[in-house]
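Which chain is which? They are A, B, C and D, in the order written, and residues in each are numbered from 1.
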Amino acid sequence: MKISKEKFGQAFDALVADYKVIAPVSDGSGIAFTEVKSFSDVKQDYLNSKLPPKAFFFPQHEKLMSYKKEGKDVTVKSELKVENTILFGIRPCDAKGMLLLDKVFKNDQYTDPYYYERREKAVIIGLGCTKIAPTCFCSSFEISPAGSEGSDLFLIDLGDSYEVEVVTEKGKALADRLALAELTADEQALVDKIKSAETPSKIDVSNTTSKLDKMFNSPYWDTLQEKCLGCNVCSFSCPTCHCFDISEEVRKNEGTRVRTWDACMAPLFTLHGSGHNPRDNKKTRWRQRLMHKFNYFVHNNGSMSCVGCGRCIKSCPVNMDIRQVVDGANKAELVVE
Amino acid sequence: MNNIINDIRDKARQLLAEGKVDVVIGYEKGSLPLKATPFFAHSPAEVDSLIWDETCENNLATYVAKTPGKKAIVAKGCDSRALAVLLQENQLVRDDLYIIGVSCTGVIDQRKIVAEVGEILEAGINDGKISVKGMAGDKEYLFAELKDATCQTCRYPNPVLEDVHLGETIAVSQEAPAFADVIALEEQSAGERQDYFKEQMSKCIRCYACRNACPLCYCQECFVDCNSPRWLTGGVNRAENLFFQAGRVLHLAGRCVDCGACTRACPQGVDIRALNRKMTKDVYTMYNHEAGISEDGKPALNEYTTNDPEQFLVKE
Amino acid sequence: MGEIQVEAENKKYEPKIAAFLCNWCSYAGADLAGVGRVQYPATIRTIRVPCSGRINPLYVLKAMANGADGVLVSGCHPGDCHYISGNYVARRKFALIKSLLNHVGLEEDRISFSWVSAAEGIRFAEVVKGVTERVSALGPNNGIFKVVDDGGAAADE
Amino acid sequence: MQQNPYLPITMKLVKNLVETEDRLINTFTLEFMNKQDEENFKYMPGQFAELSAYGHGEAPFGIATSPTEPGILKFSVAKVGCVSNALHLMEEGTMVGVRGPMGNYYPIEQFKGKNVVIIGGGFAFTTLRSLAKYMLDDKHRGDYGDITVIYGARNPGLLLYKEELAEWENNPNINLVTTIDRPAEGWTKHVGFIPSITEQIAPSSVDTYAVVCGPPAMIKFTLPVLEKLNFPPERIYTSLEMRMKCGLGICGRCNIGTEYVCKDGPVFSMAQLKELPNEY
């Protein structure tokens, strides 16, 4: 099915009345997902945003609760606020990233209401990639640059119109508001061509998890991380990184408990009250980072926690390239223990 | 250029083979076009990866104190100035350090290219010309067009401190620094400046790439991580971000060697240097001091004279 | 009706000024002003520091972030430092703090520095009067550092 | 939708007791404010809770009471950081936040019909007290064989729960061995480090589980002793400490390999730990 961009734009503008609509916007130095009021504000031709759209479910800084002390008494109030949201223009890598985050924020015992309630009230309109950046490597993880996995409604740009794929019930509810038409044979051919594309850059991860099973004590970690500065760019720009810190912001007798993004690369991340730190150097922190994404997460959740969006590669100040890091692990010699 | 690369490799090979150092810190070709990446050569067999060109933008002095053992470092002017400050502050043992000095004509600011031709697919540097194939088109640049803002005002392209110098040295103008960029901002109204920095600070995501890339940000516990007292809340907004950046810049006042590593490391394109440059200008004009131009001497804020200017005092 | 008007009159804006005073001179100067019953506006919240050299730029920033409308830092006159050179070293630091904060758009008069000796009780009162007048003229903290009122969320969004 | 796991319940600090001579450990007794809260807070020995000192933050502590002690929770907390300091200074009657119970617990079902040796050092005795107290309860005592407690501290003043220990001394249902590192005036019981005292006492490993908690050095030297006494790793349990924030297995800092100590632990058998990377 398809819809002309003009008609889609009109429907989009009508949705703004019922939903908070988030879409890619050019902010001068790149693309950012921002709330928009009209389709004309949306940047339609873009590679991907600088920061991943995870922030709409898991903001960098969010209030969990607030409290007020009066003498010895205290009153506590949840600060969970949820809105009906549409995320438009989500790339397949990021849509997959959200599916992975879903597994984190709802584990075998707990559901994180702050993430989940927002997530449940959000509709993801995915947009297939027709251009592929040199840092993209999503095909390594069985993600197609024009794949609809993780989206509720999925669009492919055909020039004057979008091909529309209804993926979920939520997507169907939105699609009902669109005047859809049939694709022509030529358009179908174009869609097929776009859908069959792969990222030119791919890494082989077929044996990475089992290889890493045996690499905890490998000397590979000794030199791998020498050039890493230990900043948080890779984690903050990652669509699947989910580590956070909880702290308190206090003013006189009132305060809020907030959570903020944190990262396993931060030296104080695992520092105990006693002064002991199980990951007190970059080597152990890098091992954790790679193991978590390519081994622990696989064992716990059945898939790798990397979607090949390439943001960490693009943003790294010292050009640490996760593709090379994984490749190096694949090739590293095993030490006999 | 090729000769320098060979010289660097020969020197590194010699130092490692003779056991004079345990590691040579230099650059190798990065995984992306026009990107170099820091490289640690531990054995003579690895030295052939070492390179040197206009893409070697990182300040390697950042690594020196954190790398155990005896080390050699490929140092351009700004790297050597950072080493000088680190030595002044007793952060390094001079005997454990071998400085391979190279003169630097400046590094490429990739952002200028990406803004015009999109993500870079391929690029080549030839004879001062940079030809780029981008996702949105191809273009050929003169190096001068792409020179990083820091390098355009650089007064110390030659290392101030070195054990060997490889390649030619660069003639330097003897004129006093002009600080045109700072003056341009100073001439704006306070309101305009406030707006400018508000906009810059709202971009910051507090990833601390600037801090970590900085060779002189070596505190064991940075004030942003400090728990008691807790200087910053967990908040990421322009007010908190300005607190962080202003606190950091004041801590670097009189020490900053204006290498631009912070600004280049910033994934969000925050103009951090605008703050540092203001301090550099003030320190130069008020105290006639430039950081890290020799091994001896002290950072500007560790010294004083009895007649330092004090126009900043209240009128009463 | 009457009550409300009275309240409005009393609610004339009074700035809050964090005053970092060196133990040996300015704090003693403030004390002298008190002992001598010299009147000055009750706008300052005094924080005693051992020496003006003890002032960390972060103190000034944190005071602004926590909502102070102004900051006053005062130490011994140059040459009179109890620790010989503390205020000389501080002087360079102060000049740079002031310059940087003005550069990022903080109003000139929000942050004040002075030297007040233990004998200058009357002058201390004058400094506080002057600082209070100038900060009052600026009005409340403009929020380029201030964050706490809304629990840390952006002040202008 | 389940309850918001980030929201603490409010409990009243009814007692703030200085527990040790060095005044570094206090025991806090918290009282449930209503029956509903208490019913929702069903816990087992070995679990922990996140305590909120409002204005300072939140930190995880092992629960020292046993579920057989209704109405209250106790925590013995060393003064090390921001939250624990605030708790130490807190006036009785102040409201604190409690999130939990969290984590797994000692495998008391497996212990049924077996002997249990509890070995504790220093202030790591908190959840061990909970365990002992639970098994000693009239309703449960019959489920277990011999219960031996070996508990040591550097000096007599640093032993926790002194009154309770005195009571256990004379309780035929429990075999209590206390020791201190060096001789001290007035001390008539064992003197020596826990590993060597364990070796002396030599509890039989037949049909016996061992639970060991204490400082890393104590655990390191006690394990070989237990091995010598033929305790298999599957029958040795310990409780781990880790930096934690959420307590829900989400915030990402307390993992040891694939296991999150907050939700998959803190109680692990030595057999489990042998399978995990050595990063704790």
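Just so it is clear, contacts are C-beta pairs under 8 Å (C-beta built on N, C-alpha and C of every residue); 3 or more make two chains touch, one makes a residue touch a chain.
None of these values were measured; they are calculated from a predicted model.
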Among all the other chains, which ones are in touch with both subunit A and subunit D?
B
Contact counts by the stated rule: is the higher one at B-D or A-B?
A-B
Can you check how far apart subunit B and subunit D are, centre to centre, with Cα atoms defining each centre and the answer in Å?
51
Can you check how far apart subunit A and subunit C are, centre to centre, with Cα atoms defining each centre and the answer in Å?
46
Which integer distance in Å separates the CA centroid of subunit A from that of subunit B?
31
Among all residues of subunit D, those touching at least two other chains are 81
Going by the touch rule set out above, which residues of subunit C reach two or more other chains?
148, 152-153
Please output the residue numbers of subunit B that touch at least 2 other chains, ranges allowed.
233-235, 237
Subunit D residues touching subunit A - in the complex, by the definition given at the top
1-2, 4-8, 10, 52, 54-59, 80-81, 84, 91, 93-95, 97, 216, 241-243, 245-246, 248-258, 263, 277, 279-280
Could you list, by residue number, the parts of subunit B that touch subunit C in their complex?
185-186, 190-191, 193-198, 202, 223, 229, 231, 233-235, 237-240, 242-243, 246-247, 249-251, 253-254, 275, 278-279, 282-283, 286-287, 300-306, 308-310, 312-316
For the complex, which residues does subunit B have touching subunit A?
30-33, 35-40, 42, 58, 62-63, 67, 118-121, 135, 203, 205-209, 211-213, 221, 225, 230, 233-237, 264-265, 267-269
Residue ranges of subunit C touching subunit B (in the complex, touch as defined)
57-58, 61-62, 65, 78-79, 85, 88-89, 91-108, 112-115, 123, 126-127, 129-131, 143-148, 152-157
Across the complex, what residues on subunit A touch subunit B?
29-30, 47, 50-51, 60-61, 131, 133-135, 223, 226-227, 229-233, 236-237, 245, 247, 249, 258-260, 266-268, 313-315, 317-321, 323-324
